[in-house]
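The two complexes that follow have chain A in common; it is paired with chain B in the first and with chain C in the second.
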Partner chain A sequence: MLRFISLTVEDFGPFKGSQTIDFTSDDGVTFIWGNNGRGKTTLLNIFRYAIYGKFQNRRGTNVNLTMLSNRESRSEGRYGFKVVLRMSYDGEIYELTRQFKLRTGVSRPTKNDDYEQTVYLKKGTAILSSEDTDHILKIIMPEQVARFFLFDGELLQEYEELLMEDSDTGAQIKKSIEEILGVPVLTNGATDTAAVLGAYTNAKTRTAQSNKQTEQLGSQIATLEAALQGHNAELERLREELTQELGRKSELESEQNQNEHVKALLAEMKALENSIAEKKARREGLLSDIKNTTKDAWKGLIGFRVNEILSDVEAEVKVLEDKENSQKVAQHFLKEMKEAASRKHCNLCDQDIDDALILKMEERIKVLEGNYGGLTPEESGKLRTLQIRKATLETMRYPSSKERLEIYERQLAAVTVEISDDERKLKAVKEELEKHGDIEELSTSMQNCVKNLINCLKKIDNLKEGERQEAEQIANIRSSLATLNAKLDKTATGEDMVRARRRVELCEMIHNIFEEGIDAYRNNLKSRVEKDATDLFVRISNDPDYVRLEINDNYGLAIYHKDGGDPVPLRSAGFEHVVALALIGALHKNAPLRGPVIMDSPFGRLDPTHKENIIKVLPSLSEQVVLLAYTHEIDEQRARETLGSSLKKEYRLTRQTSFYTRIEPNQEVK
Partner chain B sequence: MPMNKIEVEELLKVLEDIRAAKYPEIPSELIQSIVLAEFENQDNRTEGSIITRRLIDDFLRQSVHEG
Partner chain C sequence: MADLINFRLSKKANEVAELLATSGYFDFAVTAAKFALAYAIKYHFDEINPATYTPSDSDGSNYGIGSLDSDGQIAILLKAIYPDCTTPYLYARNLMVFGLLKIGERIENEGLKSISAFL
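Right after this comes the complex of A and B.
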């Protein structure tokens, strides 16, 4: 089986400098812990890049190589990146190196063409030719089955499609399943033996044509065989084209999803930019209000003292004004009294006053004139001065701006926080967008993608119809050929014909062994996959009443309850996840092709019981399992206890800076 | 590339059962050789078909003698 020995990554993604993960040569599990953004998925993609030279979740040829390299390394003048994967297979040690480096003469890359890729595979100490490199890589881990070795937990949901009839995704997965299980060995064998059978049948027909007795029959057979060959070739071509189109459809759909994601990011970026601009305007307004308020704030600050002085001045003014007013009132009263005394008649009560009372009044007037003498000239002057002072002080009274300023300050603090939050979100959105390359080209790319997808779907329909028609024609010709050949076998008696017929008979037997072997092997596999998947499912499932899985022709697995009856309908996302993992484990157990399983965040939808049960079965999935998980996705200590001696190594992706992650052996490992 | 018969053991077993039960005239070694050729050349269909053709030609030459 294939086993990874170590992976060295240099200046790739968040991994700055040269960093190495050593895997154990013992069977067991390796954990790589890392929080969001630390590079777990990038690490999974690095394995994919190492083996297949391709980047996942990128827009085909538009991958921006500069963006794949480490950002800090770039700022230090190191462009490009390198991956070295050491592996063992069939007792041999292989070292695969893939590197993108700047072409000679380029010091600062502006386009992908500024880079050149170096790929070489060492077997032991010898460097293999590029043909041998391709051949070995295709044999040890064909790309068609990559999904079972390098998988993203988030994509397990698509295995549900296996339960659906006529699902293109399901058909693609089924093809991959048969690939990993080795079915193509038989189908290719059947195709090749059929070709040999065809050649010997043609030879027999030629023999018949050269014989007078069977000449006419031979010619008829030859015509039909030529037609059959043509239809077979056409059917093969249609099938190949259909396979390519289905693959293209998956890519376009994935690009479409990617585009949708980018579109959503662009909308989010726009909304955040608008929100930031609006909040900044609000902040400017508040700053202006604060400035204006602060301009008169000194008046508020001296207000207290002004009020104190004003209060004293007002008190003094009041005393003097009261005195002045009293004198005025008294003067009026005295004037009335004097007039009454001189006329000996009171106008107020319209009565005459006798002389005795007039005397009293005159005495009283003398006393009062002494008491209400009015303001002295000094006092009058002082009153005028105080009144002016009072008026001045009143203009200096200003309501305190403290409360108003406090409100403004609170609003300013709130809007500043909102701006910071939005700017942080905007930065994250821009970083995410940056991963998708040139945004300017995106709009055209999106339109092209939709157009291409529509064309692709039409083409798939046409190809399927063409395939159906060809298959029908082939069946008719074969039936006619069988009748003619039976007639020929009865008629022909010559030695040549006997030998030719015998060769055809033996060829038919060989071909039949392969042809019949396909169905037998498939059925055999299905029952083994069903049994092993059930075994894993029961160990993982948290529902003891779900007792078995049943496999369909597409390798889809239905869950059955202990009470029997129909399969469990409307399975939860969590159970889809569990069934997919059980299927993958069973495939690994039954595949001729064996290798490491590297899984990224496979616990997303699962409850704690399921998570723990999956940890328990990890060592059963493959001899070498590498699990990429974020901290707290599972209980680390519990996972260690559950795995016990099956846990071989632990690494942690630790943040050095936003753009620099270090891969460090986990000190907590036992 | 070294052959790894263990990896295709299950596959061979299925073919051998069919051969032994229905086509005993065909030698099991021939089927095994074709399977291994196809297994090793999954990435190179032309090579797989050439080897298969050669294996069957050799067998037929030995089995059906010219008069």
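Right after this comes the complex of A and C.
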């Protein structure tokens, strides 16, 4: 079994400097926590790079390696990167070093050719030759099966294709599944025995041709065999070409999807720009309203003080006006008294007044003239001034602008937040667009992509038709050959012919054993995979009524309800995920090849129950499981409790800067 | 005593007026200064005697009375509020400087998040 001992990365992606992850030699699970953008997927791809020398993005496209060196290291003058993967396999310790470095003589790279890639593998202390390195790496983890060891949770939905007939992706996954399950051991045997059978058949034909009795039949058979060989070669060529075209189709579809994505991003960018412009205009309008309001806001602001002063002024005016009024009333009364005193007769009561009373009245008149003498000239002047002041103040009682300004300001704050949100989204969209290169050239590239895809699809159709025709021809020729061979067997009686025929018959029987063995092995494997996948599925699933999985010829798994009937239709994305994980677990259990499982974000759209159930089954997926997850993707503490002693190590990817992540042992692990 | 025809704010007061204008709340610094005059009358009436208050300096921008009080309303108001006032524009300058400094203090403490909060 293959086991990773440690991984050292140097100036690779966000991992600046030299950083090492030590894995445990005990069976169990290692967690590597990291938030978005900290390098979890990069770390997964670093394992792939170490073993295969390739770095692929999620669309399966190879990434330009010059882009992978750490940005900060580059600015500090360190170019390139290095990975050292230490591992054990069959009792031996291996150290694989892969480095992307500057060529000798280059100090500041300007082009891809300024770099070179070196790889060497140490077995114990001895460095292996490049041939041995390739050989060992192919044995310990063949590239065709990498998807089952280093898997990206985001891509688990691909396994749904296994349920579809004639799906190209499904066919490729099926091929990988048969690789990991060891089917090629038998298919290679069948191919080899077929080659030997072909050689013995040719020998038999040559023997027939050399005999007068069977010469004519032999020649006919030879002609047909030559034709069969030609058609077989053509069929093989068509198949190879078809495989290539299917790969090309997949790349073009990926590019097309990418273009669709870019188109959507461009539309989103335009919509956001329009939205921002409209909101900015609204904001300008509100600012203009605010400015118009604040022009006269000072008037409303002094309203309170004006009212207060006005109230004092009014009080003062009242005192003086009261005094002025009481003098007017008193003047009238005094005039009446004076007239009565001078006439010695009161007009009010129409009675004469005696002299004694007249004296009293004159004294009283003197006193009253002192008390109601009216305003002094100063007081009159003051009253006039106060009255003018009062009138002025009364004109200054303006309403406050506070309420109106508050409304404008609330609207302004809301639109400012909206603008800021839109600008943040726009920035993200632009950053995403920048990753796709020159936007101007995009439409030409999109058109070319569509044209190429159409041509590719036509070619695939033609190749499939060619394949069908060749298969038909081959079947016809084989039928004719069978007839001729039967006739030859009846006719030929010579010892040479009998011996040649026996050889062919024996070889046919051996070949048939392989052919039947392949079917038997496949069927046996399928039933084991079906059983183990069902076992895992039932342990992970949150629906107790989903009781079993049924495997099809492509290794696709259908879910069955306890009530039987047809398989569950329209499975949710979450259940697709669970089925895919169950399949991968079952494949590991039945594969002759054993190795570590490294999973990046496998929880996707799963609910908490599914997540917890997956954590429970992690140790049964493989002896060594490494899980890359973002914080809160699962409940960390709960996961630790669930795994108990099966959790061996934890690391955390910690942000130092936008371009620098540190791999640190998690302090929270007990 | 003759009243002012032109006046200069203090340097600090001028900075506050400029800040209020550039924040987008006022069309011009002089509008903000007029606002500050009213602010001083509303909230700091008893703290300042505009007849005797002397700004620390006169290093701010120069304004003409016409741009401050084209319709004469400020002079009328100040004479109504301060009955002994014979130099309304001197009073106006002093109240504007004082008010701007007070607004400046509030901005330093609370930031300038809204203008309605000053009303």
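Following the convention adopted for this analysis, the second predicted complex is superposed on the first by the 463 of 670 C-alpha atoms of A that agree within 3 Å, B and C clash if a C-alpha of one lies under 4 Å from a C-alpha of the other, contacts with A are read in each partner's own complex, and residues count from 1 in each chain.
In this text, a contact is a pair of C-beta atoms (placed from the backbone, for glycine too) under 8 Å apart; a residue touches a chain by one contact, two chains touch by 3 or more.
These numbers were taken from a predicted model, which means no experiment stands behind them.
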{"item": "Partner chain in contact with A:Ala297 - chain B first, chain C second, else both or neither", "value": "second"}
{"item": "Partner chain in contact with A:Arg305 - chain B first, chain C second, else both or neither", "value": "second"}
{"item": "Touched partner set for A:Leu287, first chain B, second chain C, both or neither", "value": "second"}
{"item": "Which superposed partner A:Ala520 touches (first chain B, second chain C, both, neither)", "value": "first"}
{"item": "Touching partner for A:Gln656 - first (chain B), second (chain C), both, neither", "value": "neither"}
{"item": "Which of chain B and chain C A:Asn188 touches, first, second, both or neither", "value": "first"}
{"item": "Partner chain(s) touched by A:Ser326 [first = chain B, second = chain C, both, neither]", "value": "neither"}
{"item": "Chain B versus chain C as contact partner of A:Ser420, first or second or both or neither", "value": "neither"}
{"item": "Which of chain B and chain C A:Cys507 touches, first, second, both or neither", "value": "first"}
{"item": "Chain A: partner with more touched residues, chain B or chain C", "value": "B"}
{"item": "Chain C - residues contacting chain A, complex", "value": "24-27, 31-32, 34-35, 37-39, 41-42, 45, 73, 76-77, 79-81, 83, 114-116, 119"}
{"item": "Residues on chain B engaged by chain A in the complex (per definition of touch)", "value": "1-2, 4, 7-8, 10-11, 14-15, 17-19, 22-23, 25-26, 30-31, 34-35, 38-40, 42-45, 48-49, 52-53, 56-57, 59-60, 63-64, 66-67"}
{"item": "Parts of chain A lying in touch with chain C, wherever the complex brings them together", "value": "287, 290-291, 294-295, 297-302, 304-306, 309, 385, 389, 392-393, 396, 400-402, 405-406, 409"}
{"item": "Contacting residues of chain A [partner chain B, same complex]", "value": "90-92, 134-136, 138-139, 142, 182, 184-186, 188-189, 191-193, 195-196, 199-200, 495, 499, 502-503, 506-507, 509-510, 512-514, 516-517, 520-521, 524-525, 590, 592-594"}
